[in-house]
Structure formats: structure tokens, C-alpha cells
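By written order: A, B, C, D, E and F. Residues from 1 in each chain.
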């Protein structure tokens, strides 16, 4: 039995389903998944509270949060540095910062394409927040991000299953730019792939638009207009992603990789095909 | 400080954001949110593991899972019966079963409109699963479900904040049918509301379509065709929900309720309005 | 010459074109079609008036109406029981009631997927009524219902043409659920088929939503909101059906079965193919 | 009681619902509607058969067919000239021909915007035929045609109800071009009206495209391509009509005119308004 | 080096890009393109001013303007009659007028499908004008018009390159009706082609709608409603064209003909193919 | 009479209509517009050829080209420095470079949101080029760019009309970022404005995606996939812009500024309003 722990500090688009993607129909044997989360906040106080989760003794943990360079996630890494640990976050986007993670023994999957929400009280309420996360998940799922992460987590899981542990584990070190993610779509049609790539680029653009809304603008009209524009881009990206998948459906070439009971990745393409 | 615990067993559409909706910009003071989750599985073994979470001492917990009548969620309730506890699930839909919850001291919000996924290995892979959850969240957010739950959780939170505890807390007992949820959309335009109601009804229909796919059909073509049809209905529901919100946007009547720093619900309608 | 009579009592979605589908370009030899209709009403008085149509002496008749179990259609069947007679209706949906039809010598095609309109004065006017029927026809035509019925009527027609008559005729006994109808789409792409199946399920859901609007709710807001939601589901179903056919068009696999002059069903798939 | 007879020879888009539009919820008192139809064909033989319908003694009849100048409809008029009679058709579009109708005592409503179907065996099958009629009905209902006709029929009905009969009745003489029809939409938003007008013009264009496909082209590729183009224009027109109505819905200004029990036309605009 | 001159009088949809289509990536050797334009106006005064352009000495010129029969374009032709000259315009649509051009030695490509804008001050402003031209260009590009013209201009260019000049040049004489244009789409899917043909027919219909708005109607409501309807048809045509290309993209059959450095037309179909 | 000259070197999205936007219905008195263009190319050779245009003696000229810092446009400015001259281009985006223009006496409007086309032979052919320009124009027209430029050109025109000339003219110095352009939409609905802002940001993103495709990538698959993604973003931006305008249409708040005969800008909002 491989014990996989997820520490969720604050919320990234990918946080919504990351603990589900290795066992989509809840029928996989050989893994146990447990999650400890801290809600919307991600300060050092939240990080400190993850300590209690240690008693469970995971074989490896995934720490997922926005901005892994912020104090909270940094404190969490400090706390968990003796457990094999994969950081999933939208940053740091700078190469040296990622190298530092690697040097300290952490694995990472950095997702600049996980979009920054327009987190201002003047604009965001629970409904808008949840609706934005829906759009984010549409792009993350269809455009290769979900599969990229799932394959990496499965790879580490397999190492544990085959007897490795602790420092022996090879952890991923991936800067998952749009171009990289799109390679995991499994799309057969090149225009579907182009649409997916476009959607990812648009998701990344959202951060550029929402960043000033979140941290620089003061005027309420400017804040609301800008954040609303950011969310419109995200909505358009979700539509483009949907359109991409519709193309694959129209050609009956949707590539699927369900997990077998024993955790192996099966494959199928035609809707009526048996996964094998 | 109010301590709010979330126990997530398996995955419901609503599970994705339920721990975020009381603190959408991560700036609310006076509450601490912690989550313990068990991934995709929800057997009694998973339920037993929630024990460890008790040391944190939440003022109340939300137990969210599919089918609250299943053995795992039932075991979890048994374990947590001495803590004020709100069950969030897509069932039981029978009145007596819900009454039994109430009699045992549990609060509940039952969501027949949280759609049943087509959880068959022949059809579902991690990508399809995440994409379906995106569609579910689109309907849940826009069509009133997110707000209904957020308001109920805020109501219990307030009771704790005002000094009540344990059995003193009044917990919600809500069977959240489509007609009830839609009243929480805050929509000004009646056709937008009709579209939201339609989307909720369609989400509920998904369960009727996917149930045989999940539990009765054997032939692989029938399983895949049926589950795919279920997911198509969900996709169409998400589009209808989006269209509903677009109407409100076109009239600049999107109703928003962001949380103030102290947790009060502010209100605004025009995009440029200050929430108050 | 085969004489085919249609008795239309009240209006079903399928009523709009049922007398046209055996002779789509008005060039088929060997059949004569006559229709007697009673407008929107379908009481026993209307049924009684169909008597006059008997003088025409049809080889078989189709009695199409909503709810074949209602007094009017029942009276009509009583009147026409000595003529071979096929009942087309959206109900009865109960097995025993259909068996009773069969026992009495009637053929039937019951269409639970022919949607119930929101027939309340507070909501429905002639424009809304006609627009709803357009949506219904979009689903009925694309999703297999038109073809299913046409093939059954052609089958009976052929029997008459080959010399059978009266009790010798084998009449159809079909409960045309969504799953059955979709098999008559002739779709090559399985996702197109899944969309069609979804559209049919949605059309069936319309009745569940509109039934309380028509017969139970009193409050005008509830009536109008509910009926409007029912019509929104129908509109979404029509769009999904359209999308399904667009997939087939995008693959040049639209299956067509035009009638030859002598009534044989020809077949073609590619748009430029000659029907044969 | 006013007896209203409908004679349907062949099929016009408007034929599908014309006998329903005076009594949309089947609850109107004071009128009796009976229909005699001849299926897809409309030759003099069909016309002759309408004779039997005379025994019913309608106060006035509507003869609806394509091309009222063709031999069949002409024969029907000859047969029915002693009954007050309103011709509904897509032609004749020439003024003199319409004047001749008037001179002979017929009323008429000529609808150049009722689209000509691509009636070639190489292209049209029952499914395509029904689907095209759905698109036609979408335009006819939303863009004012249904209401124009309903109001005219109600006007004649009222005359009978108030004691007039035979030659005393004032029958309509209307050449219902796009510009005239659109005035009956009741649209409040001028762009919605412009879209409706555009849809009507496009519906009229369909005839120009389909005419050569039906009557002049021989090459199968040319026939199929051209007819398919005609049907695409019709589909686009239906979408534009839908979009127009969506605008009115977004402003809660959908104008409705349901019939009261006694046949009076009630009016309402807001969805929740009581018709009065 | 072949010198190609473009004289633009007033604006036709096609005017926007006609001087770019022989050298789409600005890398073609062997041709020099120069343009002289007169803005929105096209009177004889404008025509007279094109004289100055003669000093450049083009091998042949393209005179593009609305209505080539109007005084301005006519004056321009008179001025340029000694240079090989191809007229590109939306008219004259009468055969004799085109024959007259040919008799006078002019080549021509007449585009009845280049849509007439609703050029009334009550309706058109710079934004509407530019937006309409965008829709026009969408149809012109996708539906074969751009390629038809580019191929004809390349053909004349080649003649010059191979040493011919003046009267020796064979100039095109093409009345580019919808049916002709659509043959240049290079579409593999016949329904895509049907949609393109439909879009072209709709573009042509725009002129019929806008003509009275521009030249006959006086009432401001009628002018604005009618011109708005014309522009709606154009918008719908642009969407249909887009949909057509999307079909080709979904099949990876987009036919492309980029120019090689030396001006040869290369060909490719699959997105990843090398043009050859 | 004010003489306005346009020098077009190569092609910018805005090049298509810039010489039309001051005289949208070709009825403005008091200005004469002439254009000299060089087709797709914009090297110093092309720039040199603009010399001939000087004989016309414009009061001011607009030099429009991609990348105003490139050798060709630079040479053109050198040649025209004694004429009042406004540079319109997508760059330079660096502040110092723009300041240098100003210091040399040039006006400028720099449009970072005019999108960079995917100008690679492996991807772009005349059809794709024209279709992309259509999408660009949709965003430029609806999202404020056309109006911003038109107003600035009108402002300079007015100065000439009122007797100023040469160095006396105050020329615009505008870096037209998305935020600035969107202020010229005249949109009443803030969500329409947010959509327009989003579309502009997406148009700007296109350059970031297409730049490597145009200048860095070598592998044909990478080039084609990337350029196709860039064009998909542009297409999505055009759709979002369209959606924005549809909102304004649905509220009958489309702001229009047609030119009066004498060049004054009139204003109107409701479709049926008289411009004043």
C-alpha cells in the first residue's frame, strides 16, 4: 500500500481535483490517499498546522498552493523536508528559485498556466470564485495539465510500490509551460491541439491582467473592470478548450487513460473501445 | 476564532470548493478552516481515519460525500456524533432517511442536483472526471447552490462566534431541490432564473441517466454511450447556467455577496458598486 | 393504392409532420394520404366527429394525440376499432395500459420523449406554442423518432400493398424510449449519438418539469418560472440535437433514406452519393 | 359556436401549426376547429377529395398549400368558392394574381417568407424534411408570421361570432413581406427586430437558392450542394430568430398574447405579469 | 520584376487586402506592388488624381471600386485604358455591361457577393463601417473570393514575368457568382462547402436589403432598421463562413496555397505538412 | 479643403480601414484623402518610392506600418520629416523610442494591441492572412481602436481647417494600450467593456505567441502549431468583441458617432435616434 498525502494551502485551480486524479473511479487498489487542507488561507500559521498530518506517515506528499515562494508554503516545506515532497504551484516562475527547490531535495511541478483569480472584495464573492475555478478546471483538464500531473504522481507512486522510499525516490522537476502541457492532451487533430495551446496561453495571460487588479490598482472601477476582464479571458479560454475536445469527439479520437484496478494506466481512443 | 472542519469522503461536485466559500479572498478574520480528506474513496476504512482529525477540536464539522447513506459516511457520522455536524451529500433523497439524520442530531443539506458522474473504467479517466467536475461546478456556482451552502455555513459560524456551542447550535435541515436552490441565485431577470432552474433540473437528470451506466448496464457500448450522454447533459446544463449569468451581466445586475474582513456578508449589484 | 388515414386529436410534437414522412418530396406512387384533425382540442366531442372520416375507407389509420388514455382518444379508438389502427401518443407509459391496447387489437408507438408543452394561459401564447413545437420537432427529427415512426408506417403500408388487410396486418407495439429512438439516428459518430441520446432524455425531462406547471402549481410566478424552465430545457435539447447532426455533417456521414417513387427506401450517406 | 375549417394541401412551413394558433392551450370556448388534409401531395385529385369535408359546414375555411396558383389549390378554390375562404400560401407573389383572388371573393395571406424546401430525392429524406420544417417554424413563430395570421383568423372568427356570415365577412388581403411580418413581433428592442427582419429576408432567400435545386439543376453534386446551402441559410435564419427572442427575454420584454377562455386576446409582457 | 499597380476608388470589401494577397508574408521576389487610393470617395475628381500614379509605370493595374459603372470608375478606366487593366467591382451585374468592358479591352472580376454596406449617416459610423468590413472579409477570405482573385492576378503576373506585355496579356473576364467563388474554397467536406455557398448567397442578399436603405427609404426608423437587418445578415454570413472553416480544421483538411519566394503557388493540406 | 495623405508600408490590422474612418459614408466635405501604399513589403526601397507622393502636397500624412522602428518606416520618416506626420504602428513599445519620435517632431499612435500575424510560409497563405485580418479588424473596430484613431485624425484635420499648418499642428503622442483603447468603446454596460478589454489583452497576447513562430522556431510542427494557436487566440478575441457589442445592442445603447457633411462628429445612441 502506497500512502500519498496532499497538503493543500490556499487554493490553486489544480487543488480542486489533484487528490482524485490517480483514482478516478475510486476503485484502485494499492494506494491510500489522505488530504490535509487549510481552506483559503496559506500563512505560516496554516503551514504549522500541517504538522499534525505527519502522524499518518505518508510515503510522499504533494504540497499544493499558490505561489510556493510565499512564507506559508515555505514554512510547510521546512516542516516536511524529511518526507519526499512534490511542490505544485503557479510559481516561482524564475529558474533559480526552482533550482533552489531541487537543490533542497524537493520535486516540483510549476504551473504558470494555473490562472490567478481576481481576488478583490470589490469583485469576488463565493459565487464568482467558484465559477472562475470551474473555468480554470475546464482548461486544466482538457489541455493536458491534469494528465501531466497524474502521470508524474503515478510515476512516483510506482517507485514506492516497487520498494523505493525517501531519498531514493526520483521526484519530478517540471516547469509546465503551455507548450509542455499541451503535449499531454493526447489530441489527434492538430487544430484541436492549437486551440488547447491557445487556451493555455490565455490562462497564463489571466495572471498578467489580474495581477494589477489584485495588488496595484486602487480605484474601484479600475479594479472591477480589470478583474472582470481577467475572468472574461478565463471564460473564453474554457470555451476554446471545450471546442478543442469537441473536435476530438467529432473524430472519435478522444484519448483516455483510465486506471486499472492495480493502478496500471490503460488506454483507449474510440468511445466504444475497451481500455487496454 | 471559530474553528470549522471539513471532512471530505470521496468526491461530490460541491466538494471542490466547499471549504473556500466562506473566505473567498482569504482575508476573513475570526474563522479557521481545516480540511481532512480521503481522496476518491469513502469506505469505512476512510471514515475511521478521520478520527485523527478530532485532535484539532473543531467547533463544528461538515461531512461531505456522495450518498450519505453509504457505509463510509455512516461510520464517519457515528465517529463524529458528539461534534456539531452538517452532512452535505447528494442523498438520501428519501424523507425518512433525512428525518433520521435530524433525529440523531445532525444537520444536513441534501443536494439531489449535485450530479452523479459516469464512474466506469470503460469511460471515465482522470481528464474526463475533472472536466465533468468543471461542468458540475459551473451549475453549482451560478444556479444558487454555492450561495445556499455558504449562507448556511455562515449562519452556524455566527452562532459559534456569538458564544453558542455543541447542542446549542441550530443546524440546517435542507433538502435542496432545484426549486429551492434557484431562489439563491439572486437573479433579477426571470428568464435567467428559468435558465438556471432548467440547468439544475438537467443536473438532476444526469443521475437518472448515469445510474444505470454505473450500476446496471454491462455491455461496453451501452455503458459508454449512456455515460457519455449523461456527461453531455451536464455540459449542456453548464452552458445554460453560463447563459443565465450572461443575461445578468448584460443588465449589470449580477448580485454579489463578498465577505467583509469581519465575516459580515456585504452586498453589491452593479459591477462598479462598492459592496456594502 | 394504399389508403392511409391520420386522425389528429389535439397536438403532439410529432403531429406536425407525421402525415408527410412517408412521402417527403410528394412524389411517391401507390399511397394516398388523408388527414382528419380536430385542432387543439381532443375531447370525446372531437372524437365523435372523426366518424365522418370513415366514408373515405382507409386501409389503416394512425390516431395521434397527447395522452392516448384520455377520454377523447379512447372514444376515438372505440369508434375506429374495426379499422386497423396505430396509436401514436406520449402515453400511457405504464406497461399494462399499453398491453391493453395490444389486447384490443391496436398497434401503438408510445413516445415518452415527445415533450409536454407548458400549456398555461399565464405563459403560453400562439408564438410560444409554435416556437416550442419547433424545438420539439428538431429533437424528434434528428434523434431518430421521425425515422422510427416512418419505418413502422412504411412496414404496415407494405403489408397492405402486398395484399394483406384488416386483422391480417401486423401492427407495431413499441414503447419508444430514448434508448430505442436513438438507434434510428443512423449516426456514425458515437459522440453524436450520445448527444442525441442526451437530447431525448432532456425532452423527456420536460414533461416532469411542465407537469406541475400545467396541473398542480397555482401561484402565477411559480407557473411561469416553471413552464419557462421546461421550455428552456427543450431549447437546450434542440441545440444539442443540432450539434449532433453537425458532427455527422462534419464527417460527411449523414445517413439519408429517401423514398423511391415506388415507395422503397433508398439509402445514401455521402452528400454527393446517389441514393440506392 | 364558430366553425373553422382548415384544408391542407401539401405542406407549407406554416401548415404545421395554423390550426392550433387560435386555441394554444385548447381551452377556448366558442370555436370548433376541424382539419382536412391531403398529406404531401396537392394535385387536383387531392383537391377533389376535400369535397367530403363540406358536409361539416364550416363558417369559413382556410386553404393552405404551397403555390396557390398550382392546379390543385386552384381546383380546391373552385370547389369551395361558395364558402368564405382564406388562401394561405407562399405564392403567387405577383400582384395581379393576388388581385384576381380578391376579385373572385377570396381572402388571402401570401407569405413569400415561408421557405421553399429542397425537395429532391437526392437530398431530402423524411428526417431532413422534418428538421427543415423545424427551422422554418422557428422563424415563422418568432418573427411575426404566426401572430399576423392568428390575428387575422381571429378577426374573421369574431365577425362570425357577432353574427355575420358568407359574403358579409371581410376577409384579409395581405401580402406578408418580411417588413410587414416583422411588425407583428411585438419586439421592444430594435436590434432584436433587425435580427428578426434579417431572418425573414434569409428565409425568403432560401426559395431563390432552392428553386434551381428543385426545378433546374440536373447534376447530382450541384443539386445536393445547392439544396444543402439552402437548408444552411434556413438554419442560420432560425438561429438569428432565436437570438432575437433571447434579447427580448434578457430584457423581460417578451410580448405575449394568450387567448382568454372566451377568445379575447389578452396581453402581457413581463414573465410574471398576469395576462390582461 | 513585375510591377503591379492597384487603384482603389472608394471601398469594396475586397479592397482591404487585394494588394496583399500575392505576397502574404512579404517575402516574394519578382514583383513590386504599389497602391494609389482615394479614400472613401470615388467621383471623377478622385479618378483624375490617379493620373499621377502613371509615372510609376505599372505592367498592369487593378482598378477596384464599388459599382464600376459609376462616373468615377468610368473616368479612371478612360484614363488608364492604355495600361492593361483589370476591373474589380461588385457591379455591373448586367451581362451587356460586362461585355462592353471586355470589348474595350479591360479585364474584370465582378463580385456580386461583395456586400453593399448600409451607408447612411443615420446608421453608419466609423466603428460600424469597420466592423461590417470585418464580416465581409471573413466571407470573402474563407468562401473562395480571395483565392479566386489571387489566382487570377498571379496568372497575369506570370504572363508579364514570361515576357508578355500590354495587349498581349490575357486578362480575366469573370462574373464571380456565389457558385463560382465557392469552387475556390478548396474545401474537402461538402457540408463545409454548402455552408460557404450559403454565406456567399447571404452576402449577396445584403445588397438587396441595404439598397433601399441606402437609396430609397426616408423614414429614419425604416432606414436604421433595414440597414441594421442588412448588417445582421452579414454577421450571420461571417459566422457561417467561420463554421465552414472550422469543419475543415476539424478534419485537418484546410487547403493552403502559400507563395514560394519565386512566386510559385505551393500547396499543403495537413497543418503539419510542408508546402510543396 | 484639408489634404490628408496616408502612406501604407506593409500591413497592420489597422491599415485596412484607416483611410476610410474619417468619411465613412463618403459624403464629408472639406477633406481630400489620398493613399500611397507599397503592398506587403516595407523595406527602404518601398520607403523611397513614397517620394513620388510628395507632389500631391498633403497637409499632413499618416505613415502606417508594422514596427515603426524597422529600416523601411525609418527611411520613410526621414523622407517625410518636413511634412506634419503621424506614425501609426504596433511598435516601438519602448518609451524612449517613442520619445525619440516626439523629439523629432513626429506624432504617433502606437498600438501594441494590433496583433502580429503568423507570417510563416509553412502556415500562412492568402486566405489565412485575410481571415486573420478580419478577426483583427473585428477587435480594432469594436474595442475602441478605430474610434481613438479617428478622433485623433479628426482633431488634426480640424486644426488644418482652422488655418494651422506645418509645425503649428499639435500631433497626437499616444501609446494606445488596452486600457486606453477600451475607454473609446463608448460602452454603457461594464461587462461589455470588460469583454472588450479582455479581447484587447488577448490581441496583444497574440504577438507574444506569434513572435517565436515568426522569428525563432524552426521545426515545422512547432511553427505551424504555434502560429495556429496565435490565430486561435485572435479568433477568440474577435468573438469576445462581438459578444461585447451584442450586449450593447441588447440594451439599445450602441454609441455611434457619424460624421456630418461638414465633418463635425454627431452622436446617437438608440438605434432609431437621429444623430446630433
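The rule is simple: a contact is a pair of C-beta atoms (placed from the backbone, for glycine too) under 8 Å apart; a residue touches a chain by one contact, two chains touch by 3 or more.
All figures in this text were calculated on a predicted structure; none of them were measured in a lab.
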*Chains touching chain B and chain F alike, please list them.*
A, D
*asked:* Under the over-half criterion for shared residue numbers, do copies chain B and chain C use the same patch or different patches to meet?
replied: same
*Please name the chain that ends up farthest from chain A once chain centres are defined by their CA atoms averaged.*
D
*Higher C-beta contact count, A-F or A-C?*
A-F
*Based on the averaged CA atom positions, which chain is farthest from chain C?*
F
_Based only on mean CA positions, could you tell me how far chain D sits from chain F in angstrom?_
49
*Geometric centre distance via CA averages, chain F-chain E, whole Å*: 21
*Mind checking the centre-to-centre distance between chain A and chain D? Centres are C-alpha means, answer in whole Å.*
57
*At least two other chains touched by the same residue of chain C: list those residues.*
190-191, 194, 224-225, 228, 250-251, 271-272
*Every touching chain pair, please?*
A-B, A-C, A-E, A-F, B-C, B-D, B-F, C-D, C-E, D-E, D-F, E-F
_Under the stated contact criterion, what part of chain F meets chain B in this complex?_
189-192, 194, 247, 250-251
_Per the contact definition, I'd like the list of chain B residues that touch chain F in the complex._
249-252, 254, 270-272
*chain F residues within the chain A interface of the complex*: 179, 190-191, 193-195, 197-198, 201-202, 205, 208-209, 224-226, 228-233, 236-237, 239-240
*chain B touches which residues of chain A in the complex?*
4, 6, 8, 10-11, 16-17, 19-28, 32-42, 49, 52, 55-56, 119-131, 133-135, 137-138, 140-142, 146-147, 150, 220-221, 224-225, 228, 235, 238, 242, 245, 256-260, 266, 268, 271-272, 274-275
